[in-house]
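Chain lettering (A, B, C and D) follows the sequence in which the chains are written, and residue indices restart at 1 in each chain.
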């Protein structure tokens, strides 16, 4: 299940939904990404997330499909926020449910690595020195490349 | 922070506590382990977790210390339940907070692998055929060995 | 052909989308980028360095050698930075 | 010396803890296990296969070659299965 929204989300509720009423799931791994209050040595006032409506959802669905093809997952949830976010705010949640922990952990890491390099979101930071688009990091490409 | 208890826990509340009021944390990785309703092809009635009071807490603290020595973690929480649990019930939570996702994910996996092979808990299953102590799995030793 | 621009590409070009009639020889994403760059002004600035630019045709990531044709939706944007 | 037993070791021995005065030659965890096994009955059953047994001295995991002395707390248990 994928969702793109400006509203905040509740990680505990999302994790609980993944395994509610089921007893075949032994493991739920999850990841929450948060806005950090500092960037390039400057205090961050806010971060604004722009995206490509339509393609974002399709790309997240493709990323979910790839994870499901690769690991025996019982369920997957990806929630990503857009719009203006303050330091400390939640940006993204991925959670994976599986019979055993290795699949759940690996799939959650895969989802984050692919999301970081494939999903059409762009971050703009407002700092003391003005507005700056966040530069893509080579380390994210490297992280994604290990799954090939 | 480590806790051993018979009561259930709230993963969302634990995750939120890790980063509440802070803006230096960019990543929270977490894992929830659940009781599966089937074991060895039989329906599971319940699972009872026995532990070594005192040593359990010390061992979990040692595992947390090792993770903190290895990764730059802002916070760690480990909650493990004991007593009788029904299928679908939560058994364990580990959550790690860090500036970036790689450290958070790796530390959470490390904590689970070490907990599985070092923390003095023992599972007894009640199934149709009677009571059975869960056998330690070689795959858990292998998972723990990759951190050496 | 419908063109979409995101992030600093949008800011430099000065708009988020537009409909264009590209000449017939513009048959790839790369040729389209060159043709837009030749318009000068904000386009020249946005398309100055193809290495900093990514593209999608009909909402699929593609390389600059991918074909484009009338009716396609082509998006230009920087490397993504979500998550 | 205080002895603790957990999981099926506890069930086979028939108790969770006991205080023992081991003879002086019982100076390692392994020697203690052998001495307990020689008591027969549930002890013989519990300590039949040392490969299935783990130990802790004063709440630290140890191997069977670890020293034990009067006043120590020694725990015997199967490989752990938490998480």
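Of note:
FYI, a residue touches a chain if its C-beta (ideal position, glycine included) is under 8 Å from a C-beta of that chain, and two chains touch if they have at least 3 such contacts.
The structure displayed is predicted, hence computed values, not measured ones.
Hopping across touching chains, the smallest step count from subunit A to subunit D is 2.
Among the remaining chains, the Cα-based centre furthest from that of subunit B is the centre of C. With centres defined as mean CA coordinates, subunit D is found 26 Å away from subunit B. Mean C-alpha position of subunit C lies 72 Å from that of subunit D.
One finds 48 Å separating the Cα centroids of subunit B and subunit C.
Once the centre of each chain is set as its mean CA position, subunit A and subunit B turn out to be 23 Å apart. Contact of a single residue of subunit C with at least two other chains is seen at positions 83.
Chain contacts: subunit A has residues 33, 112 touching two or more partner chains. Chain pairs that touch one another, listed by label: A-B, A-C, B-D.
Against subunit B, the residues of subunit D that register as touching in their complex are 4, 6-8, 56, 59, 61, 75, 77-83.
By the touch criterion stated above, subunit B contacts subunit A in their complex at residues 10-13, 15-16, 19, 21-38, 44, 87-88, 99, 101-102, 104-105, 108-109, 112, 143. Residues 33, 49-52, 54-55, 58-59, 80, 91-92, 112, 115-124, 133-136, 140 of subunit A are the ones that touch subunit C when the two sit in their complex.
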